[in-house]
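Two complexes are shown next, each including subunit A; its partner changes from subunit B in the first to subunit C in the second.
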Partner chain A sequence: MTTSNIIDRSKRYTNPYLSGFLLGMVLLATFYITGRGLGASGALKSAVVTTVAAVSESHAAGSDYYSKFISDDKHPMNNWLVFQVIGVLAGAFLSGAFAGRLKLKVEHSPKITSRTRLIMAGIGGILFGIGSQLGRGCTSGTALSGMASMALAGFIALLAIFGGGYLFAYFFRKFWI
Partner chain B sequence: MKEELIISGRMNPGIDPFLHIWHWHIPVYLFLGGLAAGILFFAALYTIMGREKEMPTAVKWATFVVPIALVLGLMALFFDLKHQLFFWRLYTTVRIESPMSWGAWVLMFITPLSMLWAASYIKEAIPDWEWKYKFMDQIMALVDKYRKALAWAMLALAVILGIYTGILLSAFNARPLWNTSLLGLLFLVSGMSTGAAVIMWMSKDHRERKIMSTIDLVLIIVELFFIIHLFMGFMASTAVQIEAAELFLGGEFTVSFWVFVVILGLVFPAILEIMELRGYKIPVAVPALLILFGGLVFRIIMVEAGQLTRYLY
Partner chain C sequence: MTGPLIPMGIIGQGWDLVIALLIGMAFGYVLESAGFSSSRCFLWLRFYCLTCVLYSSNNCHGGFAVFRLYGMD
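This part shows the complex of A and B:
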């Protein structure tokens, strides 16, 4: 694994405004083709529910949270978001290959170590996972897909996610920059 | 004493309403058998063509995988047997009309041959290697002397083994999904593709990798054609065949088959191989692993779904 201290801002990156627009078009196509929005945390949730049910079926069935996603006629992994995330992985891999950036590396600022970056990213990810379940979805599921269907909760979630990040960025900046 | 007389297959709960006698053992065995056939085919082919120097992984190094794959596969097959201690009875007869007889005999010849083949290259892989017994050196000298003849035998046996993994299923004429003559060829091509993937993955030589990658790409295209042809055949056939095909066209196996076998196991690795041939940097393990994964899932699904299809109502 190599580490690069500075994110390579070569021109192989797509313009962020263009990618944002394209992402919106992907969302539109998703609604049109599947009748559902995009999501990410839902797939992870399915994986967690499946793992918990595999380790202790009685615990999963007894829990208010897990039992909601378990039924006899449908396996929790048989969920459209699981397949969508597999597609995201495949697509991202292709995109990385096209841009010539397929490499295992940790990107971080020169002032912190890879270890700090990984640990902090892990903690941040766990917090975001908990938050996404309290908020019934993550950035893509609640904010993006929610706003696209003009759901008020979507707008509130987006403001809360990015506003919260903006407010706390100052205090945690040393872990990143 | 409680006596039970079974006078019809319909009274056997393992057969009716659905056949459910084969679990993970058989698809794993078919996968490993196909993989071994694929690797041995290329080893024999490039030996016959006299290209050992250009294709060292295909001819030499990948064949070390074969005895391990065959032994593991045969162990899986053995665990599946109901009367395990009677397996030797397969070797008391030769039945040209029985796929199991073909399989038993071809494995009887190809397993020791693959061991000899790999053993004959062990000194090149590990320079300090010394055989414990003198007669091993003599056997290896014989293998070297008759290498071309052995390669021809291995080529034929590998093709038979690859086809056998398919006809083992297609001989079940009461299971419409299996009972198609395409299955032997489809399994052969798929096995050769997984074998090519292993060689490609193990190879350190850029040129050899490129050759195997191109071959694999052709095999994937042929396999995709066979899959389409398989369903065309089913859909143009009788109601039971149409029903068998419908398991994959909207039924229970639609998602697992098209997503994991066709898209992730064939189309996606094919795209990656095309990109690699056009000069993009792709870690070779990714397409290779996907092809192996697709090959295994393909066999699991075919064995599972085939048992659900039937003529009786």
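This part shows the complex of A and C:
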């Protein structure tokens, strides 16, 4: 599939420039209302802490890392980011439903199988999870929200994310084009 | 109007998680409608969208994003 084909397909979606503007407005509203930015990886961290505490409470309580997120008066899942991510899932579901895009499928390059696509997505997800902890946040938290508040780390993180993408795109392009 | 609304007590803390849910829904709705649910459209959209996010969020803050990321132009 050529680049122009991909662009034609994307016409079913909102104009990307308008989408970018709208995302910026959502981010601005978040800052104005709550005094904090958007995020995603923090919610997954809460889920991991909850899971570890459920499997081995003594291990979680004895860990310097996990114990920071566990207290008697507040459950780790009682967290702003957890509710925000639940909202993201609901909002995306509604958008897909309204546009008639709700369909279970595995999108992949014709050069690879669905299984390869899922394996690569898993590997990419693991690497992104590690990266988000090194950078203290993911694209939403560190890059978007960080840059919106003019944090230098946000600019560095985004440049690194895109720079890494440019560097490795050539080697892995057959997995998606 | 002075902000941020929740930390300043203009909106009660009890609404915090409800607002998190609503903001998340808006975020998810815009992301999906932009094509972020499609891994193939997503490749190009990240370049386009992030450019506009930078301009809209930074300019409204009174700050200014001095660089722009180009995708496939």
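In the analysis below, the second predicted complex is superposed on the first by the 167 of 177 C-alpha atoms of A that agree within 3 Å, B and C clash if a C-alpha of one lies under 4 Å from a C-alpha of the other, contacts with A are read in each partner's own complex, and residues count from 1 in each chain.
Following the convention adopted for this analysis, a residue touches a chain if its C-beta (ideal position, glycine included) is under 8 Å from a C-beta of that chain, and two chains touch if they have at least 3 such contacts.
Everything numeric in this text was worked out from a predicted model, so none of it was measured.
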{"item": "First (subunit B), second (subunit C), both or neither touched by A:90", "value": "both"}
{"item": "First (subunit B), second (subunit C), both or neither touched by A:100", "value": "first"}
{"item": "Contacts of A:31 with subunit B and subunit C, given as first, second, both or neither", "value": "second"}
{"item": "Which superposed partner A:77 touches (first subunit B, second subunit C, both, neither)", "value": "neither"}
{"item": "Per-residue contact with subunit A, leading partner among subunit C and subunit B", "value": "C"}
{"item": "First (subunit B), second (subunit C), both or neither touched by A:118", "value": "neither"}
{"item": "First (subunit B), second (subunit C), both or neither touched by A:144", "value": "second"}
{"item": "Doubly contacted residues of subunit A, that is, touched by subunit B and again by subunit C", "value": "78, 83, 86, 90, 93-94"}
{"item": "Footprint of subunit A on subunit B - complex, ascending", "value": "255, 259, 264, 268, 271-272, 275, 280-283, 286"}
{"item": "In the complex with subunit C, residue positions of subunit A that touch it", "value": "1, 3, 6-7, 9-10, 13-14, 16-36, 38, 78, 80-81, 83-96, 99, 101, 107-108, 121, 143-144, 147-150, 158, 162, 176"}
{"item": "Residues on subunit A engaged by subunit B in the complex (per definition of touch)", "value": "78, 83, 86, 90, 93-94, 97-98, 100, 102"}
{"item": "Subunit C - residues contacting subunit A, complex", "value": "3-7, 11, 16-17, 19-41, 43-45, 48-58, 60-61, 63, 65, 69, 72"}
